[in-house]
Amino acid sequence: MSDQFSELRLDQVSRHFHSTAGASVAALDELTISIRRGEFVALLGPSGCGKTTALNCVAGLLPLSGGSIWLDDRRIDVLPPERRGFGMVFQNYALFPHMTVSGNVAFGLRMQGVSRAQISQRLAKVFALVQLEGHEHKLPGQLSGGQQQRVAIARAIVIEPPLLLMDEPLSNLDAKLRLEMRSEIRRIHRELGQATIYVTHDQDEALSLADRIVVLKDGAVQQIATPQQIYAEPANLHVARFMGYRNVIPLEVEAVDGDRVIVTGMKLRLHGTVKQPLKGRQVLAAIRPEEISIGQGGTNVIEGRVDNFEYCGRDALVDILMDSGLTLHARLPAGITSGQPLHFSIPPERVLVYPREDGA
Amino acid sequence: MGEGHRWLYRAWSGSLIGIVLIFVINVALMVAAVATNSVASRWLGTWLPDGYTTQWYVAAWKEFQLGDVLWVTIEVVLAVVALSILLGVPAAYALARKEFPGKRLVILLFLLPLIIPPITYGIPFATVMYRINLAGTLPGVILANLVPALPFMVLVMTPFIEQIDPNLEAAARVFGAGTVRIFWYVLAPLLLPGILAASLLVLVRTIAMFELTFLTAGPDSQTLVVALYYAVFAAGVRAPQSVDAMAIIYMVVTLVWLLLALRFVNPTQLVSRVREHPQEA
Amino acid sequence: MSATPQRLAALPRPGLGTAGLLVAPAVLLLLLLFVYPFVYGFVLSFAPIEGDWLSNYHKFFSQSRLWRTLPTTLELALPVTLINVGFAIPIALRLRRKSTYQRWLTTLLVIPMTLGTVLIAEGMLTYFGPKGWLAEVLQFLHVYDGPIRLTHNYWGVLISLIISGFPFAFLLILSYVTGIDPQLARAAATLGANPWNQFRYIYLPLLAPGLAITFCLAFVQAFSVFPSAVLVGAPSGSTHVISIAAYEAAFEDYDYPLASTVAMIMGFAQLIVVAAVLGTRRAFYRGPTAGGKG
């Protein structure tokens, strides 16, 4: 169970179910992902994109409708969950309410038949690691949310699984606790070096924790890349929208040269970069609020007036109202006043152009 | 190893299903046997009767005076339901909304008649009825059946009331409604489905309530189930087919109301555990 | 200014006031119709027609026709309860997910439970009788050739109590089983627990309190068996249960004090068993059955 492995592979994994209307819905659509030893992979996407379903399939809690899952050269999707040896942290922790903290954490070791002496040793180590010393004899109901979270993590890692599965473990915590626990998880991963699959809908979590991110939508992979790549070079419009490219402008192509393009419309003429093969002349340009700056230098200059100013301490979230009626969202220094007419510029590499699908 | 376990699990599942099937099939056949016999002209040890007739229903009606018995049953059941609503709904409201000294004792008082089986308190109850000359009368039977019906009504209504957001009443008061109007415009309409469901449950339970009526009824205050008992008891004297005809009549009367009740209520609530559980896939 | 005190007075005040008014009629009725007869019966049991205050109890425990009802009733009630609860547990666990099977089975099982023991008794006489369908089928399949004796004896009452009691135990245990968070068993599975271990370490300890309550309620129901013991049993012989003894004392001998005595002893016997079972319940967990956030 504590063997290291080289690679976990999901091969064309599909899962269908029948909706109430009788139609067959794909929760997972031929998912193909591979995870290397020690890697921290985040499954990122909105609710219903299939990330939790994928995790449950890897854990063995849901059967596959198609495809297979391999651990090196062993096929594991035919094994029941108790034979796979993965550790899992559930969204609502699923701590056994009738066992103490020690009982909960030791459960996996008991199932493995580890000796009593060994169990106490390993418990002591893991309690030190997650900083839960002193709470061993409490019941889960007596713990705070953050403490229950640590117990859930301790329970999963004490069995030294080759792979750790985490299902939105931070979503039930308040904001401050979430940040704290995020660092904890990062620290634990650095110390133990376990391969981890981490499901979340929060892009900040994914960016800060993962070695690689898998963005999912409707059961299908949208992009698999490092956090830096996903942040700067989203593969399609869905990923872009999800990663905070709040400005999506429908425009038309005026001229194309390789991956450079000029797009016009709405009284704008922008130089941009093509991110996905274009189909026809209708496109959508995606721009990050952070990448709009004040000034008249550069290739793309636009004029507009500041409206709807939201103070954020260090900077401000601002709406830029333009003559054409278009509103752009920007992050500007906090000293801006509302109503101010200004010039703004955006670098052409940061105007990402995608094809416009019908109904996009 | 995995294959062996899977076979074991299948065998286990299979035997459970088998047991359930045996139970359900035998009970169904039992009911079918009674139904068949009730329309049989003669049936002695063969698979099916020699012939069919409806004469037994007519005979049973006359022999067991089913017209009068049904009338008594209706009177008892309606009175019990009405009284339990009248006394039980306010009590349920108090238990659901208010705190008061002795609340736990009151709850215990309401639970006891449901936990202690009817015959245990029926004998002392009947004794008292005889001493005050209420035994054998219709009011006596009604009072006897009220003892388990009233707590049941309270127990079923309390969760219904708890589910009504207390903020609704507070909101109504903030907007100027007095107590009577709050009851009429806010509470009563929301309570009605609960009262309907609870009444149907009380109705079904009272029709089927045997021991209490048996111990307190006289010859002209018997309900249907008690009359059926006497008919079965004296089965040697009467023709078995007419007894079965009466049994079918009893069954139809009960089932009609039961199936009606099940449209509004979860079967588990008949055992008066009214908890809503979060059920996940 | 003067409007303010009136406003405050119009707000509902906590205390016995309104709550008391709402609860009083029901409480009063139950005190009169339930508590009082019990107390009356209790007192009456110490006031026999002849002899000193304990002579009814003495009579009960010295006449074999009377005290034998206790073991007779126990011989029926204990096995029946063990069978009903014992089968209900695995079947309820198997059906813990909301499915069509679960819905159908609960609806079907409600029917014999609601129809009651009198109808079941009549049905048994017709179906389980020596000339009934069951006997015919068994003979036809050559499983058993002799006459079957499943009515007018111990077995008849046993079967009838199972038919009316199993649905009750099943529905009650099902409601407890569905109250256990299914994620707990899944978590146990990921930690290496096979289905048996999931039952042993997760479901059983969490069910134990509910099982104890179900056992008590089912036992008490079975112990008070009455019409079945008369109609499909041998009321003067092997199924002369304690409720029959109480009935005979009251309605055949018109000895109300003795009847009260028997009823008191019956209640007390039930109380002992219930107390014993609930006593062992204290050894188990009694808290919430979901492992969620605090």
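Quick notes
Letters A, B and C mark the chains in the order given here, with residues in each chain numbered from 1 onward.
The working rule: a contact is a pair of C-beta atoms (placed from the backbone, for glycine too) under 8 Å apart; a residue touches a chain by one contact, two chains touch by 3 or more.
Just so it is clear, the model here is predicted, and its values are computed rather than measured.
Greatest centre-to-centre distance from chain C is found for A, with centres as Cα means.
Ranked by the number of C-beta pairs in contact, the top chain pair here is B-C.
With centres defined as mean CA coordinates, chain C is found 15 Å away from chain B. Mean C-alpha positions place chain A and chain C at a centre distance of 54 Å. Note on chain placement: the centre of chain A and the centre of chain B lie 55 Å apart, centres being C-alpha means.
With touch defined as above, residues shared between interfaces to two or more other chains in chain C number as follows: 181, 183, 194, 290. Contacts with at least two other chains are made by residues 80 of chain A.
For chain A in complex with chain C, the residues that touch the partner chain are 1, 59-61, 80-82, 84-88, 90, 92-98, 107-108, 111-112, 139-145, 148, 155-156, 159, 165, 172.
Contact residues of chain C toward chain A in the complex are 181, 183-184, 186-194, 197, 201-202, 205-206, 285, 287-294. Taken in their complex, chain C has these residues touching chain B: 14-16, 18-23, 25-27, 29-31, 33-38, 40-42, 44, 87, 90-91, 94, 97-98, 105-128, 131-134, 136, 163, 166, 168, 171-172, 174-175, 178-179, 181-183, 194-195, 217, 220-221, 223-224, 226-227, 230-231, 243, 246-247, 250, 256, 259-260, 262-263, 266-267, 270, 290. Residue ranges of chain B in contact with chain C, taken from their complex: 5, 9, 12-13, 16, 19-20, 23-24, 26-27, 29-31, 33-34, 37, 44-45, 47, 86-88, 90-91, 93-95, 98-101, 106, 109-110, 112-113, 115-121, 123-128, 130, 143-144, 146-147, 150-151, 154, 204-205, 208, 210-211, 214-215, 225, 228-229, 232-233, 235, 240, 243-244, 247, 250-251, 254-255, 258, 262, 267-268, 270-271, 273, 275, 277-281.
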